[in-house]
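Working notes for the structure below.
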Amino acid sequence: MRRGWLGALGLAGAATAYEILARLFLDPAYVPPLSAVVPEALRLLTEERFWAATGRTLATVAVGLVIALAAGILAGFALGSVPQVRRATSSTLDFLRPVPSIVLIPVLVLVLDVRQITVLLVAVSCFWIVVFQVLYGLRDVDRVAVETARAFRLGRLARIVHVTWPTVLPYLGTALRLIVSVALALALTGGLVMGAAGLGEMIWSSQESGESTGMYALVLLTGGLGIGLDQLARLAERRLLHWHVATRREALA
Amino acid sequence: MTSLLEIAGIGKTYRARERTVEVLTAIDLTVSEGEFVALVGPSGCGKTTLLKIVAGLLPATVGQVRFGGRPVTEPPPGLGVVFQEYGRSLYAWKTVRQNVELPLRHLDLSRARRRELVADALDAVGLGAAGDAYPWQLSGGMQQRVAIARAVAYRPRLLLMDEPFSAVDAQTRADLEDLVATLWKRYGMTIVFVTHDIDEAVYLSQRVVVLGAGVSGVQADIPVDLPADREQIGTRSSARFGELRTRVWTQVRRTPESEMV
Amino acid sequence: MTSLLEIAGIGKTYRARERTVEVLTAIDLTVSEGEFVALVGPSGCGKTTLLKIVAGLLPATVGQVRFGGRPVTEPPPGLGVVFQEYGRSLYAWKTVRQNVELPLRHLDLSRARRRELVADALDAVGLGAAGDAYPWQLSGGMQQRVAIARAVAYRPRLLLMDEPFSAVDAQTRADLEDLVATLWKRYGMTIVFVTHDIDEAVYLSQRVVVLGAGVSGVQADIPVDLPADREQIGTRSSARFGELRTRVWTQVRRTPESEMV
Amino acid sequence: ACGGNDEPAEASADGLTTVRLASSPLGHLAPIYLAQEQGIFAKHGLKVEVDTETSDLTSVPAVLAGKVDFATGDLTTLIVARSKGLDVKAVVPASASTGKEGADYGALVVKGDSGITSAKQLEGKTVSVNVLTNIAAAAAREAVRADGGDPTKVKLVEIPFPQAPAAVSTGRVDGAWVVEPFLSAAKAQGAVPVGWGFTDLAPDLTVSAWYAAGSYTSKNAKTVTAFRDAVREAYAYARDHEDEVRAKIPTFTEIKPEVAAKITLTGLRDEVSRQAAEKLAGYAQRDGLITTTPDLDELILR
Amino acid sequence: MKALGYALGLPAALVAAWWVASDGSTNVFLPPLRTIVEAFRDVWFSDTFARDVVPSLWRLAAGYTIALAAGVVLGFVIGRWAVPRALTGPLLAYFRVLPAPVLIPVLLVAVGIGDTTKLVVITVGAVWPILLNTADGVRAADEVGLETAAAYRLPRRTRHLLALRGASPQIFAGARQALGLSIILMVVSEMLMSTDGLGFTVVQFQRSFAIPQMWSGVLLIGLLGFGLAKLFELVERRALRWHRGHTGQLTERP
């Protein structure tokens, strides 16, 4: 519980620093102080369209994440466990990885609608993160652990379930915290650059209407959403990884 | 007795950028079905390497291992292993009970039978109360005993043990020795047992194989003609036991250890 | 002799979600400067736990450890350790030589002197030729000897060794025992030595402390009144040695081991 | 409305043809929404669906792929698209210059105390526009040219409109091309207009237009005509009911009513200005956006 | 030879398939590969390369380096000490979700429109995988290794370095993630408030419907990513050789 208090303290400290900076050095016309942003944020919380937008954004995030996790884990294990596949595809993957999906949006519009493109944006970016974390996690599998499983003639699947998967899990825990944020950020981007309905589009609309206080209020709330998702990811991680050194140490601290 | 394991002309060289070591040359050894062979030799002579080759976990540089007549290219069925690195061979994400149970899960056993095997094995190594603990909550000796329990519960046809009692106290060690001896007799297992304790090698085995230091082949192969029924105090104080241990000692000391101070 | 180490009323309970174990209760023990104390006791009785508390690596639940009169809250200066988990205590990214050299690098030593200390220590444990290898290229016993070399090269004031010879063969073990005994005498170190080998405890130490099984205090504290100059064959075959080892044995066996088969 | 031979492409039960419009939710939609409420579209046999989930980035491919029937695009972008062989046709203006110099909805502004008092003085200086490849760049340059300056000597940089007022008042750029509501915002922060590029380009300048795919216009000629007529009627209504327009804007944007009450509204015109298009094509060619001027008769639906 | 076959086999097949499938395409947005390749030659084998690609590479290198340094340092602090970890947890989660377009207004006011803004966009976007992986790697450092260092009273600095080195396999995972991300962010950062760079040029192509040229830019970005990934692997193979040894990847398997 001390952890929760410290986290709140950190947020409060950052908020104070922002307030001071915004009041002393920046013009409230375009960087409004928190004292203006917070009431606006509270007002938004009472508005139905805010919740509708949040719902849409979270739905995009959820669908994108599920696709990314499923496809990423599958691809990661396939690439990591079959060296030939890995070697044959690595150059192609290295080529595809840095291609920014944003550039391809006009082409994607030909076959998908804006909502689908946003989901795709989320899924693709998170997919890469999951794949690479799995690939690196697989390299961490202990030799003796594998030899033990092989000696007792555990099959390939059993080895994955009992040995490889638990080793990769901490890497996936890191991935999970990364991708919940990336997913939210890209769901917003979908709204910002394409107008896909949701929080991103609301932020865009506030910007385009010169409503910087409203925009900052939305950013504040979106960040809050990010914190919420992160907490969920951490909770999942602590449950799944209770045996892991890092979690053990945390429990002591 | 038919021969279960034929090790023919095995040689092993580890090659790496920094360092190439020729560890084993021309190892020839045959182990019969149901035999209990102890393997002794100085630290770093290649005992673990040989065990891993026999288990089909490491390819030999030259030579061949046959198990039940078939060349070994992967771990043969019915193999149980206790690794020297017992700590790393336990899964941190599984409880003690789950660790012991894992190899049993792909055998054709009822769930109740599996539970029973696991419970018996844990009781046998004195860890009946630690089933729900995780390996990292155990002392070194306790971890080693979990690894032993896992192999024992599996009832393997061939059991390879690499210094399995190195981390336990003298009393426990004696108890575990008797446990292994009992199981060996009861289930007719074949056991290859690496140890640094020459008394233990003689006490347990039917044959002590001595590996030499440096690039080594089999330096000596000493049959242990003690009566089948052995017992810690009586057997160890018998005259024949004394003679045999001296014989093994002499062989072990004969290995050139020029490096030692 | 002044007392270097005072262990007063130490108790330790490990608490975890699944499992709470009370390991040590009311341990009282005083070790004088320059003393060689052996610590024996059944597997899982808390020897490693006690050693880590003494080293200032683990907080006790109750009680206090004083080193040179000062309460221990962190590892005291001049401490050398050989951990039971020798493999994990070596850094996989450092060569054998770098591993041994590491603790010396913050001592006030010339580079030449440092090199010399490392080379001597590696020679002493029989690894003069393996300096450039990485730990994962070594056998278990070799890794353990690297950990010993690291402690030896450091010339600590207090040396804590947790079953340091568990993975080496009998011959090497005897050599290493004599190495430690020599260094102890030459440098006036204080040594606390955990072992499962009762003969070894008696052969090396001035005092054997027996920990009991279960929630245990010190069960016995047996002074070893053998002559200072000891030697593998002579000392071990002396009558007094025999008496002492029987005394220790009796104490160790007295510990309730109801769990064992 | 992508398939089928001729009308009605999509006739609903009430006999109305549905047309799908795509535009970001910006001020120029106000007359459309008003017309919808007033039944103007229905009168022309149309039912309008507005898709605001389309941006400048996606509208051209969306129109060409038949995902929507009409979308808004600025005239320069349409010219460039046409010259690259994309079959777009401007049907009717979506926003236009007010035609009143000094009272248009877009202007070139500078910081009040910068010492710059005319557009010509921006030679050699940095000026921001929202997008380098659209009409804003042409408007900014034209303001300088109209003031007797050399437009090629102005350094243009892309800054989104919402950030332009801040960029000017913090001195990150020397001048900025802005449109409402940012023109008002910039003025409120002390910026002053020094040029009126829209009126300089042409008094009847079409800034952006509703456009459709050429194939759509030829297959659905009646619908297209009906749409154009309806929009023109909508503009007539809007011209007469400016208060309603100002009241409408806050309902689909985040612009506050008090802001909407004061900003300069876009001009509403019936014809896509051909003369302005020629001028814009010239700018596009000079800026390297196109290599050949497209046939403007192909671009602008007669 | 075999390695080359593995590296080029699939790409060659894909390119061939693309070539055949797109040849004769009349869709303006999906031009024939032939046209794209011609555009590639025209666009990038000219002074565009020096004008746009060189500044991009510079920004990429600088942004990535800063992200690497900041990610490792912050990740280390957060991984090693519980108090900074708890203190910054929600705060960092807050900042992680802010996409570049949201940062722009603040950056414009605070930093301006020069290269610094682009570096900030790259750094702020690419730092997270490094930071989180470093923190998690350090947090999972082997206990016995840490205890050994503590027992020998190794100086603070040495102990930190040992913890970092122990975490290096996971730090490399983060660095690898960040590499791909940095290239994307380089492009994204140049889409906003820019006057040159690969991202700028590609976006101008996109907006002016120069579709083959745009695709040629996408190809170039992919090639850049491929080249940098290879370079990265080279460094990684050296730095993590011990880890491959320790985990048995250097030992042959039957």
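By written order: A, B, C, D and E. Residues from 1 in each chain.
Going forward, contacts are C-beta pairs under 8 Å (C-beta built on N, C-alpha and C of every residue); 3 or more make two chains touch, one makes a residue touch a chain.
Since the model is a prediction, treat every value here as computed from it, not as a measurement.
When the CA atoms of chain B are superposed on chain C, the rotation angle comes to 180 degrees, reported as a multiple of 5. For the criterion of most C-beta pairs in contact, the winning chain pair is A-E.
Most remote chain with respect to chain C, judged by CA-atom centres, is D.
The distance from the centre of chain A to the centre of chain D, each centre being the mean of the chain's C-alpha atoms, comes to 37 Å. Here the CA centre of chain B is 27 Å from the CA centre of chain C. Between the CA-based centres of chain B and chain D the separation comes to 83 Å, rounded to the whole angstrom.
Those residues of chain B in touch with two or more other chains are numbered 14, 16, 57, 74, 85, 88, 134. For chain E, the set of residues touching two or more other chains reads 29, 105, 109, 142-143, 206, 243, 245-246, 248, 251. For chain A, residues touching at least two other chains, in rising order: 27, 30, 106-107, 110, 142-144, 147, 193, 207, 212, 244-245. Residue ranges of chain C in contact with chain B, taken from their complex: 14, 16, 18-19, 21, 40-44, 46-48, 84-85, 87-88, 95, 123-124, 126-129, 132-134, 137-142, 145, 163, 166-173, 175, 179, 196-198, 249, 252-253, 257, 259-261. Across the interface of their complex, chain A is touched by residues 52, 55, 57, 74-75, 77, 79-81, 83, 85, 88-89, 91-94, 102-103, 105-106, 134, 136, 154 of chain B.
In the complex of the two chains, the chain D residues touching chain A come out as 24-26, 52-55, 57-58, 60-62, 65, 67, 160-163, 165-166, 169-170, 181-182, 184-185, 188-189, 253-256, 259.
Chain contact summary for the complex, chain E toward chain A: residues 3, 6-11, 14, 27, 29-30, 82-83, 86-91, 93-102, 105-106, 109-110, 128-129, 132-133, 136, 139-143, 169-170, 172-174, 176-177, 179-180, 183-184, 187-188, 191, 199, 202-203, 206, 214, 217-218, 221-226, 228-230, 243-244, 246-249, 251. By the touch rule above, chain A contacts chain E in their complex via residues 2-3, 6-11, 13-14, 26-27, 30-31, 87-92, 94-100, 102-104, 106-107, 110, 128-129, 132-133, 136-137, 139-144, 146-147, 170-171, 173-174, 177-178, 181-182, 184-186, 188-189, 192-193, 200, 203, 207, 212, 215, 219, 222-227, 229-231, 234, 244-246, 249-250, 253.
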